[in-house]
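Order as written gives the chain letters A, B, C, D, E and F; numbering starts at 1 within each chain.
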Amino acid sequence: MAKVTVHRKAHFNAAHRLYNSDWSDDRNATVFGKCANPHYHGHNYELIVAVKGEINPTTGFVMDMKELKDLIAEEIEEKLDHKNLNEEVEAFKSLNPTAENIAVVIWNILRKKIDLNLELIVTLYETPRNFVVYDGE
Amino acid sequence: MAKVTVHRKAHFNAAHRLYNSDWSDDRNATVFGKCANPHYHGHNYELIVAVKGEINPTTGFVMDMKELKDLIAEEIEEKLDHKNLNEEVEAFKSLNPTAENIAVVIWNILRKKIDLNLELIVTLYETPRNFVVYDGE
Amino acid sequence: MAKVTVHRKAHFNAAHRLYNSDWSDDRNATVFGKCANPHYHGHNYELIVAVKGEINPTTGFVMDMKELKDLIAEEIEEKLDHKNLNEEVEAFKSLNPTAENIAVVIWNILRKKIDLNLELIVTLYETPRNFVVYDGE
Amino acid sequence: MAKVTVHRKAHFNAAHRLYNSDWSDDRNATVFGKCANPHYHGHNYELIVAVKGEINPTTGFVMDMKELKDLIAEEIEEKLDHKNLNEEVEAFKSLNPTAENIAVVIWNILRKKIDLNLELIVTLYETPRNFVVYDGE
Amino acid sequence: MAKVTVHRKAHFNAAHRLYNSDWSDDRNATVFGKCANPHYHGHNYELIVAVKGEINPTTGFVMDMKELKDLIAEEIEEKLDHKNLNEEVEAFKSLNPTAENIAVVIWNILRKKIDLNLELIVTLYETPRNFVVYDGE
Amino acid sequence: MAKVTVHRKAHFNAAHRLYNSDWSDDRNATVFGKCANPHYHGHNYELIVAVKGEINPTTGFVMDMKELKDLIAEEIEEKLDHKNLNEEVEAFKSLNPTAENIAVVIWNILRKKIDLNLELIVTLYETPRNFVVYDGE
């Protein structure tokens, strides 16, 4: 059967700051600039989750988009939307919430919930001008 | 010569319903939800056709975008635009017109018309939030 | 207090055909072209609902966007999403479902549900290239 | 001379929470839901500043867009970008930083810096799905 | 009948430079900066033409979008697309082709071709970040 | 460490014409149509530069986006923005400035400035409807 990649867009709004707890405040400010602001700033994260696999010949689907939409809502939006990533999300207690690391965290959460016959690719827009892609490589 | 992927956007508007004729109406409604509505619903399909190949040193083109635009107009828009995919398009008489299957059908049509030295990738947006990619794999 | 216009985006997918039941099929085909296709075609309608009024000094809101979002979901998306506008929506039994008329129908529905101290403006995209605005004038 | 409205887009990223300091935490949570999260959340604010006036016949400009771009950078982006609106921006010490109020604050700042012969309209996207417009009315 | 504003998007690509022939080259360079480059630069102009009027009760249209699309193609795209505005377009032989002036020129051309019962508004994007609106005022 | 692709958007406006100096003017006009206009036309080029590599565990970055933004500004925008590509950019004195060739030129410039442990991919939109991708293959 043909292999197709299906994509679903979602979004969440969150506060964060870039911060390495092994470093002094001065070093954080030097490396991360205004992104290190201790009072936080925030983003509208736009998320595209893609799964690649064979089309199921009885449904014509690679994966039911309603299921994928619900999975993203429960596993990602519920946990990250309107949150302070540094203070309220376990994964970022000891991991700097850069776009790169957030994408990897999202991929790791979703990978456990999606059929392993399907490849998984996560695209995360931190702003309309900056975005990252992670495919588990 | 350098290999570049060139992309051209196009679009068509069509009605469809998701339906497996081997199933009862009840099963169709259970699996496809409101997408199985027997009165149809519709979409503005946004299509991106990409071809990848070596740059022709005399033109600087991988493929003339005017030719690709015209090819998409004749082979895809002419056949699918303002149509009911289930009732009026031969390919979907026995194939469920999911985004995945529509992308494969489009790829198969275009593959016959584009130089085999060029790779072909079809991206189809069913809505701004759902899209699929097929590269013939 | 300052008067501000707040906007909320929503969307629905529907099938329709352009058709005047007072005319012959030939005349419908002549006037509406392929939009008169009796098998229907469809669109992803993108809707922007705007309300203009004074900022409430205790909330800082003109209108709670969550309320507006829920109102659009119940009154518009529930009634129009994944429907055949001509066959399944009462308002279009005798009214041609052009973008203009759909916008007026949406405005009339919402006008009854939104505080009359607030002005109401409806923007409806039939495609990313065609859209209409109605403000009740 | 013809009157034209010229628009310039800009953007800033900020953290905020919705909060009325005259209310209990419970009442804030009831009215503002997850937007009241005391740990803050954030947005990529996209800003469109419009000025309307007669075309200057010697330049063909209503206002030099470079000047407007620089004015927005100095007066708005410098003050709001990568900031916590509630904690770090004087105007929101006692004013709830809803999109409506942020738009009014931006308008008031810019109004003092732009020729009074020019009308001023501020559009602020809090998310791609929610936006507000303020014209000083 | 309800009055609705209908919009149609179009586009053209053109070269231009900002230049006032009454001024020295130095003064042009000072006022217009790199936009005065004598070798020209260029833009993808995105154009939105809006007409406002009563819905025709027999068609449901304010104006047939196909007619508006064809009118824009003939009167605007044919004249401006892939042209050097300063050198090849009569209107800009003595008029600086700023976005403001181009919008007024387009409005004046279309105003002669569109029913005077319909209001006409022209929006012109010089870039995705700079745009102007002219309504004949 | 996980390998992530990070992307940064930028833009420049330029004039160009398609032209092969080995050909007669007639042949250029035949092959390139109105793109061969000797008076030039132009585009808003939107550029996405992507780099793929391992996340640096101390910063959480693949590459600092501020550095990438500054690099694009200095090496690409400074050289191409508001320029006539054919007349003012050395690389296109003898190379036809098609989107394909511009992407390759940009890639070659950036490749020399970015750590060779990072893969580099350049996406260039000539218009919102035509775009190309080059990854050095």
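The rule is short, and it goes like this: contacts are C-beta pairs under 8 Å (C-beta built on N, C-alpha and C of every residue); 3 or more make two chains touch, one makes a residue touch a chain.
Treat the numbers as computed from the prediction; the structure is a model and nothing was measured.
Q: Which chains, if any, touch subunit B and subunit F both?
A: Touching subunit B as well as subunit F, we find A.
Q: Quickly list, by label, the chains bordering both subunit A and subunit B.
A: Intersection of subunit A and subunit B contact lists gives F.
Q: What's the farthest chain from subunit F if centres are computed as the mean of the Cα atoms?
A: It is C.
Q: Of the chain pairs C-E and A-D, which one is connected by the greater count of C-beta contacts?
A: A-D
Q: Using mean CA coordinates as chain centres, what's the subunit B-subunit D distance in Å?
A: 41
Q: Once you find the CA centre of subunit A and the CA centre of subunit F, what distance in Å lies between them?
A: Centres of subunit A and subunit F (C-alpha means) sit 28 Å apart.
Q: Would you give the residues of subunit F that are in contact with at least 2 other chains, written as numbers and ranges?
A: Subunit F, residues with two or more chain partners: 128.
Q: Which pairs of chains touch one another in this structure?
A: Those chain pairs satisfying the definition are A-B, A-D, A-F, B-C, B-F, C-D, C-E, D-E, E-F.
Q: Could you pull out which subunit F residues touch subunit B in their complex?
A: Its residues touching subunit B are 18, 20, 22, 31-33, 95-101, 103-104, 128-134, 136-137.
Q: Okay, in this complex, where on subunit F does subunit E touch?
A: So the residues of subunit F touching subunit E come out as 11, 13-16, 34-35, 37, 39-44, 46, 81-84, 87-88, 127-128.
Q: What does subunit D use to touch subunit E in their complex?
A: That would be residues 2-9, 50, 55, 58-62, 65-66 of subunit D.
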